[in-house]
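Alright, structures below, take your time with them.
Each of the next two complexes has chain A plus one more chain, namely chain B in the first and chain C in the second.
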Partner chain A sequence: MQFYISILTFTLISVIAVTGIYVLTGLTGMFSLGQAAFMAIGAYVSGFLVVKAGVPFVLAAIIAVVISVIVGYIVGLPTVRLRRDYISLVTLGFGEAITALLNQTQSITGGALGFSGIPKITTLPLALISAIVCIVLVSYLKNSKYGRQCIAARSDELAAKAMGINVPRIKMTAFLIAVAVTSYAGVLYAFFTTYVDPGIFGWKKSAEWVIMVFFGGVSSLTGSIFGTIILTALPEVLRFAADYRTVFYAVLVLLIINFKPTGLFGEYELSVGNLLRRLSGKKEERSNA
Partner chain B sequence: MLEVRNVSKSFGGVKAIQDVSLTAKKGDIIGIIGPNGAGKTTLFNVISGIYTADKGSVILDGKDITKMEQYMITREGIGRTFQNIRLFRGLTVLENVMCAFDPLSRYSIIDGLLPTPRRLAEEKRGREICEHYLEVVGMLKYKNERPENLPYGLQRKLEIARALTCQPKVLLLDEPAAGLNPTEVMELTELISRLCEEIGFAILLIEHRLELVMGISHKIHVLNFGKPIAEGTPEEIKENPDVIKAYLGEEEAKC
Partner chain C sequence: MSIQIIINGLAVGSVYALIATGFSLIFNILKFSNFSHGALMTLSAFIGYFFAVKTGSSLIPVIIVSMLAGGLVAYIGEFVAFRKITLRSTSPVYYFVSSITLGTLYEGIVTIWVGPNFYNYPRFFQSMVVNIGGFVISKPDLIMFISSCLALALLVIFIQKTRLGRALRSVSFDRDTAGLMGINVFGIIQLAFFISGALAGLSGVFLGINYTLYPQLGNLVVKGFIASVIGGLGSIFGAVVGAILLGLTETLLINFVGSGYAPVFSFLIMLAFLLIRPQGIAGSNVQEKA
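On to the complex of A and B.
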């Protein structure tokens, strides 16, 4: 039982991080390969505040997210004006720099040995509520003027500017929302595992999130979440075949990219309204036939 | 009122436009014609801020907008369409038009994350304005379609509706009739002159279909190899020997 609760909590933490990636990559079309570094900042700052400074958890979480956003703003300033492919490079460099920094500052962070002794505060209900709140906020964002402007900037930057959209600013907004969400996921992660080390926050983690979004459907929030749940839970469930699970994972991704490049869901959003419409649409087809 | 004063722009050694000037007042339709590569679109790109002029200035209602950021120029009142249609994929027809309203919409990021009353009111206001402009170009019934599924003529009209939503003082139309059939061209001609009367802004029109330009322009500027070679009423332009030379080539030497 404990094992399944643990898998479920990890999955929900990934879902939270991926809602951020959805805003960044799905809506705005920016690829970040350093997003896990913001998870690291969230995890280390909040853990450090609680363990070494005795700050209460909620306050530590808020401070950690605020610090991540400030760091994100500094990284974002030169980045949001760049072309898309350069954004991946800059964030990759930044992410690896943060990991290196965490490894080098052994006296404070414990270096490669990791930072332990964080109290276990994250529970399944906390992760679940957090995930739901993030999903609801992001789905509102998608249908707001910010969501539309993000999609416009992704689709045609020049035309977006010609419509009066401040493209660097809208990219920065999307980036900072992603940073805030990811670092909060980092806070939850640290207070669930009670131990963090720099190794888990490398570019592989960031790339994994991008893959999850693409697997489920880059233009669909519910698709991205679905992709995350499958791709996070699957390797855990397939643990008995540990030697082959990465192979399986790779094959799955290759199949999707080749046969359904828009992802499992495409642009379809899973919602009660859409489901009803689909069902009634099917009925009409049947009555027509 | 838009004033373009002696604008020049080069790309490396290529002088795309040299010393071009024009003025456009409210209610004017100004045609810009010239052979391919004459610098017509470059002129539009300089006015709308995609490029910054090397020399000269662009002045809108007494304000120098030459060196402003592209999105600020739009907000100052320059709306435009594109020669190769540039609609936003992944958004519906109505959402495409809404994008042009969104920079004017007044709600913060907090309202963006939650359904606050201010957000709902602003979204409603925006939707009404956008539906009005879709109605103006006769596209309201397609509002929930995806633009990429629409025929070419409707995509061109949608671009015009989107540009109108920016509430421009000057509207730049870059080859709006390209790829349209004769009926669609007629509809478009009628639409452009109606817009000019009803909304009362200045329209700058790049177009290869001379019957369209000659029919509705109050004044025409002719460019060739980036240089202005003539300006005047459609009748004057038709008679101008330089223009005939640029379009038809040098007259054969007498035998």
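On to the complex of A and C.
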């Protein structure tokens, strides 16, 4: 039972991170390869504050997210005005820089050995509530004016600019939302595993999240979440060797990109209303035939 | 002492230049950042390593085998991961995901194949240093620098002076028009991938000699990316200048503060460049095209 609860919690933490990626990649069409580094900042800062400075958990979490957002602003500042390739390249460099920094500052972070002794505060209900709150907020965001501006900027940046949308600002906001959400996932992660080390926050992790979003469907929030749950939980339950897992992922995603490039869900959002509409629509089609 | 640092910086920079050029070739022709380049470097470096161990051959055959292997894998990779996207000519985001996935696949294959261990190339040289005019210079550094320069010079001659090179440039400029002019567009794209893969193989072997060989060696590709950002995305000339500049600054800084901080420096250099001169040294297009 303990095993399944732990898998479920990990999956929920991944879901939280992926809702952030969805805002960045799904809505705005930018790719970050340093997202895991922001998770690392969230994890290390909050862990450090609680363990070394005795700050209460909630306050530590807030400070960690705020610091991540400030760092994210500095990283995003030169890149949001440029081609989208730049944000991927810059965040990739940023991720490597953070990993190197964590490895080097041994006296503070424990270096490559990791930072341990973090109290276990994250529970399944906390992860579940956080995940639900994140999903609800992001789905509101998608349907808001801001969300539509994001989608416009993703589809055609020039046209969006011509319509008077401030594209660099839209991109920056999306990036910062993603950073905040991911670093919060990092806080939850640190206080669940009670131990963090720099190795797990490399660009591979960020790439894995992008793959998850694409697996489910890049334009669909529920699709992205579905993809995350499948790709996180299934291999854990089936206990694949970790090495084979990445190869398995990669082949799966290559197949999807070649044969169904919009992902499993495409533009479709899973919701009660859409389900009913689909069911009734099918019935109508049948009666027409 | 200082001459040695400069030589070392030039050698490191020239390997970064190889990475950045391989990356820029693909960026030019298909307008996307090829994130599988790093893992391809690792894969072909390992193929070279096992060839060296099995046959006990010297450095030159190992390099040739690695380059051929890298070229072939890139050739197949183009067919598997990018062909359909190019034909469909939909959103460039699919290139991005495809290249990341392809990189993950290569790295996964390498990890399954060799395990998470570290490997060392056999010693190719009797003595590790040469003495030129009173300066003691590390031999691998010298060979790295000379062969990188040679490879880059050959590439530039090929692109600027030959018929195929002209076709390559015209496909980079406008794929559809080039096709109408009777150029075999996909043949040229495959050629570009082959050359890029061969460059990845070459740089992989050099990185393997310079550091050690392990499945995550490809992470060093970040240096190549940073070099091409500094130089201006898509410009081969800019990439080379950016790479040499990055190699020199990094080596100088490392000498003062220690090698562990190298990624931090290269990131800060890139950030500073993007703030001051976002179009890079060569001044490429940095805005999203309509």
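Going forward, the second predicted complex is superposed on the first by the 281 of 289 C-alpha atoms of A that agree within 3 Å, B and C clash if a C-alpha of one lies under 4 Å from a C-alpha of the other, contacts with A are read in each partner's own complex, and residues count from 1 in each chain.
Everything below uses one rule, namely that a contact is a pair of C-beta atoms (placed from the backbone, for glycine too) under 8 Å apart; a residue touches a chain by one contact, two chains touch by 3 or more.
The model shown is predicted, which means the values in this text are computed figures rather than measured ones.
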| item | value |
| --- | --- |
| Superposed partners chain B and chain C on chain A - clash or fit | fit |
| Inter-centroid angle chain B-chain A-chain C after superposition on A [Cα, multiple of 10°] | 80 |
| First, second, both or neither for A:Tyr146, with chain B first and chain C second | first |
| First, second, both or neither for A:Asp156, with chain B first and chain C second | both |
| Which partner reaches more residues of chain A (counting touched residues only), chain B or chain C | C |
| Chain B versus chain C as contact partner of A:Tyr4, first or second or both or neither | neither |
| Chain B versus chain C as contact partner of A:Tyr73, first or second or both or neither | neither |
| Chain B and chain C, minimum CA distance [Å, superposed model] | 8 |
| Residues of chain A at both interfaces, chain B in one complex, chain C in the other | 156, 158-159 |
| Residue ranges of chain A in contact with chain C within the complex | 25, 29, 31, 33, 74-75, 77-79, 81-86, 88-90, 92-94, 96-97, 99-101, 103-104, 156-159, 202-204, 207-208, 210-211, 214, 218, 243-244, 246-247, 249-251, 253-254, 257-258, 261 |
| Residues of chain C touching chain A in the complex | 27, 32-33, 35, 80-81, 84-85, 88, 90-91, 93-94, 96-98, 100-105, 107-109, 111-112, 216, 219, 222, 225-226, 229, 233, 258, 260-264, 266-268, 270-271, 274-275, 278, 285-288, 290 |
| Interfacial residue positions of chain A with respect to chain B in the complex | 137, 140-141, 144-149, 151-152, 154-156, 158-167, 173, 219, 267 |
| Residue ranges of chain B touching chain A (in the complex, touch as defined) | 48-50, 69-71, 74-75, 80, 82, 86-91, 95, 98-100, 102-105, 107, 109, 111-115, 119, 122-123, 126, 162, 165-166 |
